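Letters are used for the chains, namely A, B, C and D, taken in the order the chains are written, and counting of residues starts over at 1 for each.
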Amino acid sequence: MSSPLSRADMAKIVARDIPAGSYVNLGIGQPTLVADYLPPDKHVVLHTENGMLGMGPQACGDEIDPDLTNAGKLPVTELPGASYFHHADSFAMMRGGHLDVCVMGAFQVSTAGDLANWHTGDPDAIPAVGGAMDLAVGAKTVYVMMTLFDKDGNAKVVPECTYPLTGLACVSRVYTDLAVFQLKNDQVYVTETFGTTVGELSARLQIPLVAGPSPD
Amino acid sequence: MIEVCGDAGDALRDLRDGATVLVGGFGEAGLPFGLLEGLLRCSARDLTVVSNNAGNGDSGLAAVLATGRVKKIICSYPRQVDSWVFDRLYREGRIELELVPQGNLAERIRAAGAGIGGFYTPTGVGTPLAAGKEVRNIAGRDYILELPIHGDVALIRADTADEAGNLTYRKTARNFGPIMATAAKITVAEVSRVVPAGAIDPESVVTPGIFVNRVVLASGPARSGPARSGSAHPGSREATR
Amino acid sequence: MSSPLSRADMAKIVARDIPAGSYVNLGIGQPTLVADYLPPDKHVVLHTENGMLGMGPQACGDEIDPDLTNAGKLPVTELPGASYFHHADSFAMMRGGHLDVCVMGAFQVSTAGDLANWHTGDPDAIPAVGGAMDLAVGAKTVYVMMTLFDKDGNAKVVPECTYPLTGLACVSRVYTDLAVFQLKNDQVYVTETFGTTVGELSARLQIPLVAGPSPD
Amino acid sequence: MIEVCGDAGDALRDLRDGATVLVGGFGEAGLPFGLLEGLLRCSARDLTVVSNNAGNGDSGLAAVLATGRVKKIICSYPRQVDSWVFDRLYREGRIELELVPQGNLAERIRAAGAGIGGFYTPTGVGTPLAAGKEVRNIAGRDYILELPIHGDVALIRADTADEAGNLTYRKTARNFGPIMATAAKITVAEVSRVVPAGAIDPESVVTPGIFVNRVVLASGPARSGPARSGSAHPGSREATR
């Protein structure tokens, strides 16, 4: 594409790349948008770590039930075939490698696939981790969805994370407004660019990039 | 047989200074509001609270924290848009925080209830939350050792209780309730109704009665419709106060 | 009493000593007889480790359901207030110290409360342990129910077990045809005798016995 | 979505030599007889079977053992009055036995499904079954380290499946089914009926569909009555073959 992606466009291509029939956890914030672009005939089942499989769209009006929320504490709905379970079972499902894909936001992702998304390292910040570390190590595939540069222009795909880590070598794809990256064996592959080129990105990121998808 | 308590204060009568209190809920879903109000009126101090969050707004768990009687909280996600009570106490150094990844928190509570002395989890390896914890490579993967979290009292919100103490829950309000019920010396469940033994289908019991000591009827109308199998039973007591 | 107890009499006094309102697991074989002497108004709830609380009496005739058995694989019934759960939950309940009492048979019990009840030590025997070791360490109180002497006249309450152990220092009471013993701090207290005396028993067992219950 | 297989042979099509097969059931309750018949007709050899018992009489698991294609069994209670097939193989040195206390067996299977690398259990401490295992004192009590048991395939018996793969069970036939379903790469459930997604109450699902890959209808009439909430549904398929 000829211009950077909007958030909605990013959500669309993440949704496009989720295999049909997958069990998927969408992290809080931006990744929840992905749900809007998963057609029912793709049979993707959404997991929310607060104890549910088969989560439906956000609830509106009369549908709102304070006992039925997603991990971001927003009211959601229930689809046919849903099930409820307690927190230990829910995280056993995650840690045990049963989820096919999780999609999370990030502050930084390293070329080795290390993820930093729970703490800015600011000594004054109140830390909160939630289920991010469990998702990072548990899902079979971790997709990150974020802008490629922060507000100050700093790259978020980096040689080594400087923020406190969430998980080691866990991210396999990074979806950004400017490009889609695959991370494999310490190599960074660029599979798509949006309004930029691999050469431009390589210069800005100051990391070696390989054009095209990783060999299988 | 469970004890059906007249009010939350009665249900919390033996709470001692220094106790560890497990509080169910994820945000407000499954938070036992009535029992937390009872906790507000208790005099016990130096409490350790174990809960996923550290309170929202000024009611519920936040109101309990505001009393200054909680010295430590063990949770996964204290910082929220409306966690100002916790935020202030934390910045003033008036409350200790043990931050635990949510899945490790759940598994540590389960381990306490299941008599497991400790377990190896991959969650947190290589992160600041593994600091000081034993790391062990098992079958080619690194794990950290986590220990159980036992409670003196568990305060949980369920949907229906029967007189044998069996509990069902509602939707994602189930969350930490079933595991906390197993991990405390005394478990108190706030419920929408109490039905006779046998009115809950034995296949659908989520928390068996062995884990429940006391129940209190929630105030206000129940969110749920009548119990699936116990509604028509003449002996059922609904929360209507 | 003036004569040794029958099996039924032993079951009766075990039942008598189980506190009202207890959650109880009755091991396979002889201990299952105890259920017959637990009156409903005592509100004792029976656990069976194959996944049930609220087990009722053995099933007869039309009641027999191959999907509803006790740990000895005999058909049983379900009482109001029953619940079903899977094996990991069932043994979590046991190991987590939630059962008040379990009653088991034994080959030997030592004065320290060590239990041997799963293997005779015969090198030719096929070993089988089932849930015995889990019950031994899990229940708050372990009662043993057995004859005091084996067929060859060997004592089964012994200074040290010679058979392979099931659990260490786990038995608190031993109900036998000739006496009831309490084990505490390496002392053996005799609370009742049947057709014998403490002096006679002490001579036959060759272990020091204390007449009367243990101090609390 | 699950795959509804035409027969047990189809459901077991990818079973390989050397595979570890988790087999549900406690005695005959919850034993997947139809799948075991399918296993009889497979050619896979050098199997490791994980099951509470080692077969009864001459059918079911005993018939599978009799083929000589099982090199090892991991179980808690092989010796029974009617376990003559296992007894003979064992005495002839033709099958290896790993004896595990029943609760440790269940917890090791659960650990595999839950991504736990190992756990400390008090069960077995000081006994011959702790031989060679690490002993550790935690908070004043001795525990032994036990490791997870993973399966390549789990063969379980459930009651009702919906098309999303959710399962319910019947009474004490539940036993090892729910944990084995979590611990294997491929889980096959033999069921009495398949109902449309949504026909099982989401609060009463015991095994969520994420853990189930294939289902096969049991032959012979179902022991249970129709599903509590799915019976009237026109899309339901009952086992009537």
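Definition applied: contacts are C-beta pairs under 8 Å (C-beta built on N, C-alpha and C of every residue); 3 or more make two chains touch, one makes a residue touch a chain.
The model shown is predicted, which means the values in this text are computed figures rather than measured ones.
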Legend entry - subunit D and subunit A - chains in contact with each: B
Inset, instruction - Provide the labels of all chains in contact with subunit B and in contact with subunit C. - result: D
Legend entry - Distance from subunit B to subunit A - Cα centre to Cα centre, in angstrom: 29
Inset, instruction - Report, in whole Å, the distance between the mean C-alpha point of subunit A and the mean C-alpha point of subunit C. - result: 54
Legend entry - Intercentroid distance (Cα basis), subunit D paired with subunit B, Å: 32
Legend entry - In subunit A, residues with contacts to at least two other chains: 78, 84-85, 91-92, 94-95, 137-138
Legend entry - For subunit B, residues that touch 2 or more chains besides their own: 107, 110, 114-116, 121-122, 169-171, 202-203, 206
Inset, instruction - Would you please name all pairs of chains that touch? - result: A-B, A-D, B-C, B-D, C-D
Legend entry - In the complex with subunit D, residue positions of subunit B that touch it: 107, 111, 114-122, 136, 138-139, 141, 143, 147, 168-171, 201-204, 206, 228
Legend entry - subunit D contact footprint on subunit A (complex, rising order): 21, 23, 43, 45, 47, 53-54, 78, 80-85, 91-99, 137-138
Legend entry - For the subunit D and subunit A complex, residues of the former touching the latter: 1, 110, 112-116, 162-164, 166, 182, 196-198, 202-203, 205, 208-211
Legend entry - Contacting residues of subunit C [partner subunit D, same complex]: 48-52, 65-69, 73, 78, 84-88, 90-92, 94-95, 114, 119, 125-134, 136-138, 164-168
Inset, instruction - Within their complex, state which residues of subunit B touch subunit A. - result: 26-30, 52, 76-80, 83, 86-87, 90-91, 97, 99-107, 109-110, 121-129, 169-179, 206, 223-224
